[in-house]
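Everything below concerns the one structure shown next.
Chain nomenclature is as follows: A, B, C and D, assigned in order of appearance, with residue numbering initiated at 1 for each chain independently.
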Amino acid sequence: MKTSRLEAFSDGVLAIIITIMVLELDTPEGHDFESLWRTTGHGLLTYLLSFVYVGIYWSNHHHMFQLADRVTGGVLWANLSLLFVLSLFPFTTSWMEESDFAHTPVVVYGLNLMGAAVAYFVLQQTIIRGQGVDSRLRRAIGRDLKGRISPPLYLTGILCAQFVDPHGRAGVVIALACYVAGALMWVVPDRRIDRAVRELGSPD
Amino acid sequence: MKTSRLEAFSDGVLAIIITIMVLELDTPEGHDFESLWRTTGHGLLTYLLSFVYVGIYWSNHHHMFQLADRVTGGVLWANLSLLFVLSLFPFTTSWMEESDFAHTPVVVYGLNLMGAAVAYFVLQQTIIRGQGVDSRLRRAIGRDLKGRISPPLYLTGILCAQFVDPHGRAGVVIALACYVAGALMWVVPDRRIDRAVRELGSPD
Amino acid sequence: MKTSRLEAFSDGVLAIIITIMVLELDTPEGHDFESLWRTTGHGLLTYLLSFVYVGIYWSNHHHMFQLADRVTGGVLWANLSLLFVLSLFPFTTSWMEESDFAHTPVVVYGLNLMGAAVAYFVLQQTIIRGQGVDSRLRRAIGRDLKGRISPPLYLTGILCAQFVDPHGRAGVVIALACYVAGALMWVVPDRRIDRAVRELGSPD
Amino acid sequence: MKTSRLEAFSDGVLAIIITIMVLELDTPEGHDFESLWRTTGHGLLTYLLSFVYVGIYWSNHHHMFQLADRVTGGVLWANLSLLFVLSLFPFTTSWMEESDFAHTPVVVYGLNLMGAAVAYFVLQQTIIRGQGVDSRLRRAIGRDLKGRISPPLYLTGILCAQFVDPHGRAGVVIALACYVAGALMWVVPDRRIDRAVRELGSPD
C-alpha cells in the first residue's frame, strides 16, 4: 500500500480539525472593541495556540511520511490514533477557554498535548520498526531533541496547573507558558533552535 | 473514468464524518474531572467507537479500490450509498449517547452498522461484477471471513438491544459488546485473527 | 493552469456540503422509533434528496472535467459560482424541512435546484467556448437531453408549490414529486433512461 | 519538500472555510419570502462577499504555487499564517452580519481583509526570497497593481467605518463599497482591469 492516500486522508482530517475550532468562537453581543476583547479575546489566543499545534503536527507528519515507504496495518492504526487524539483539540481548547482557564481544563489540555506527542512517537517508531535495521527515518530524525524536550515541558505544565497555587492563577500561568514555549520551539527557524539545543544537549 | 477522483472525494467525505463527531461532545459545565467524566465520558467512548468504525471503512475502502480498475455508473452510486450510510454515524452516535444508551437508539446504531456492512458488500459486488469472470478483487478477498462474521454480530446486538431485558441494561450491554467486538476484530493485527478465523472456519 | 487543483478544491467543497447537512438532523427527544420518525423522518428523507443531488453534481462535474483541458479565469469563476449555489443546499434543505414543507420553502428549494442547473450550464458553456470550434466536450454531451429536461421539471415544481392549492398540500406534493423525479432521472442506469429519452425526444 | 501536499492541505482548509460560513445562515422563522429576506437577506449577501474573497485567495494561491519550486520552513509557516487569518472570516462575517453592520464589526471585517492581504504579501515575499535573484515568481507578478491597490482600499474602508458619520450609516456604507470594490477588481476579467489599471498607474 502506498502512502499517498493515507497522507491525503490525514491532510483532510487535519484541515478540518484546524478549521472547525473557529466555529467555537462566540460572536460578541456588543458591537465595540471592548466587548470583542471580552467575549473573544481569550478564545482567539487559545484558538491560535491550538492552530499552531495542529500546524506543527501537520508539518511534522508531512516530513515524516516523505521518508516512509509503505503503509502497514500497524502504521495505518498508529496514524488513526494520532488523528483521534488531535481531533480532541477542538473540545479541549473550547473547554479550557470557556472555563476561563480553570485548573482542571488546563490540565486536560496539557494531557491532550501529551497524548498527541505519545501518539506521534508511537507512529514514528512503528514506521521505523517496519523499515528494519538501517531505517531512513531513524537516521533522519537523529537524536530528535525537540521531540524529547516536548513531553517533559507538557508534564511540567500539567503538574503546575494541577498542584501549584490551587486557589490562584500562578500554576495555570506557568502551565500556559510551558504550552506556548512548546509551540514556539517548533515554530522558530530550525537553525537557531538547533544550535541552542545542541549546546544544552551536548553531553547527551 | 479513473478511480483517483472517486477515492479523493470519498476520503474527503470520510475525513469530515470522522471529525465532525467531535463537535457533538458537550463542554462540561463544571471545571473538574468529575464533571468531565459525567458530561463527556460516555460521549468520548462512543465517539471512539464510531471513529474506529469509520477508520475501518476508510481502510477497507482504500484496500478495495487498489484492486478496482475503473469506475462505472454502478460503482459510483454504490459508493455514494456507502458514504450516505456512513454519514449517518454522527447522528446515530449522538442519539445513542444523549439517550444514555436507551434501547431503541442502541438498536438504531446497530442498524447503521448493518446498513454500512450491506452497502459495503453491494459496492464490493458491483466492482467484482464489473471485473468479469477472473476478477482480481474476488480473488483478493478470498472467503472474506471477517466480512461474513460482522453482519451476524451486528444482528445479535440489534436483537439483544430490542428484545432482551427491556426494562434493564443487560440487552444493551450485550449489544454494545457485540459492536465493540465487531470493531476489535478488524483492528487487531491480521495474522492473529486470521489464524483464529481459519480454525473456527475450517469446515467452510 | 491545469484542472487537477480545481478538481481537488471542488471535491473538497462538495464533500463538505454533502456531509454537513447531516449536522442539521435533530436528535429525537424521545428514545423510541415513533419519536425518531416524528423528529427525524422527514429530515432524513430531505437529506437523502439533497445528498443525491449533490452526488449527481459531483459525478457530472467529474465527468465534465475529464474533457476539459485547461482552466481559464472564466472557468474558475463559473466553477466557484456553481459551488456557491450548491453550498446553499444545507440552508434550503434545512428550511424546507423545518417548515414542514411549507409553500415558500419548497419554492426556494426549487429555485436552488434551478440555480444549480443554470450555474452548471454556464460552466459547461464556458469550457466549450474555451475549447473552440470542435470542442471535445460539446461532442461528448451531444444533445444533453437530461440536462434539458431538468430545468422545466424544476420550474413545474416551483410554479406548483407557489400557485397550486395555496391552502392545501397538493401543490407542494407535486413539486416534491418533480424534484424527486429530477434526481431519479440522473441516478437510474443510463441506458434505460437514454432509450426512454430518445423516444420522447426523437423529433428534437 | 514538494509543494503538492502543502497545496492539498491549503485546498482542504480553504474549502472548509468557504463552506462552513453557510452554517451561520439562520433559518427564517416565518415561511414566506418576506421573512426569508428579513432573516437571511443580509446574511446571504455577506456570505457571498466572503465567499468571493476566499475564492480570490484560493485562486491567487493556486497561481502563485505554480511558480513555487519548494517548500522551506518559512514558506510553510507563512502559508499557515495566511490560512489562520482566512479562517477568521466565518467569525468576522458572522459578527458583521449579526450586528446589522454596526461600525466596529465593519472595521474588524476590514482588518481581517487587511490582515489577509498582509499575510499573502509576506508569503509571496518569502517564496521570492527563497528563489534568489532571478525569481520566476517576481517576474510573473510584475508590478502587481491589483495587489498594491487592495490595502489602501481596505484602509479607506476601515477609516470610514471608524470615523465617518459615527451615528449614521454613511461611513459604513462607504466601507462596504470599498470592500465590494476590492472583490470586484479581482473577479472581473483580467484584460479589462489590466488596461484600466495600466492607464491609472502609468506613471508608476
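List of remarks:
Everything that follows uses one rule, which is that contacts are C-beta pairs under 8 Å (C-beta built on N, C-alpha and C of every residue); 3 or more make two chains touch, one makes a residue touch a chain.
Nothing here was measured: the structure is a model prediction, and the numbers come from that model.
Chain copies subunit B and subunit C are related through a rotation whose angle, from the C-alpha fit, is 90° to the nearest 5.
Counting the residue numbers used at the interface between subunit A and subunit D, under half appear in both copies, so the two copies meet with largely different residues. Averaged C-alpha coordinates put the centre of subunit C at 29 Å from the centre of subunit D. Subunit B and subunit D, compared by their mean Cα positions, are separated by 40 Å. The residues of subunit D that reach two or more other chains are 8, 12, 15-16, 20, 23, listed in rising order.
Listing the residues of subunit A that touch subunit D in their complex gives 7-8, 11-12, 14-16, 18-20, 22-23, 25, 27-28, 31-33, 36, 40, 48, 51-52, 55, 58-59, 62-63, 66, 187, 189-190. Within the complex formed with subunit D, the subunit C residues making contact are 1, 5-6, 8-9, 12-13, 15-17, 20, 23, 73-74, 76-77, 80, 83-84, 87-88, 90-91, 94-95, 98-99, 102-105, 108.
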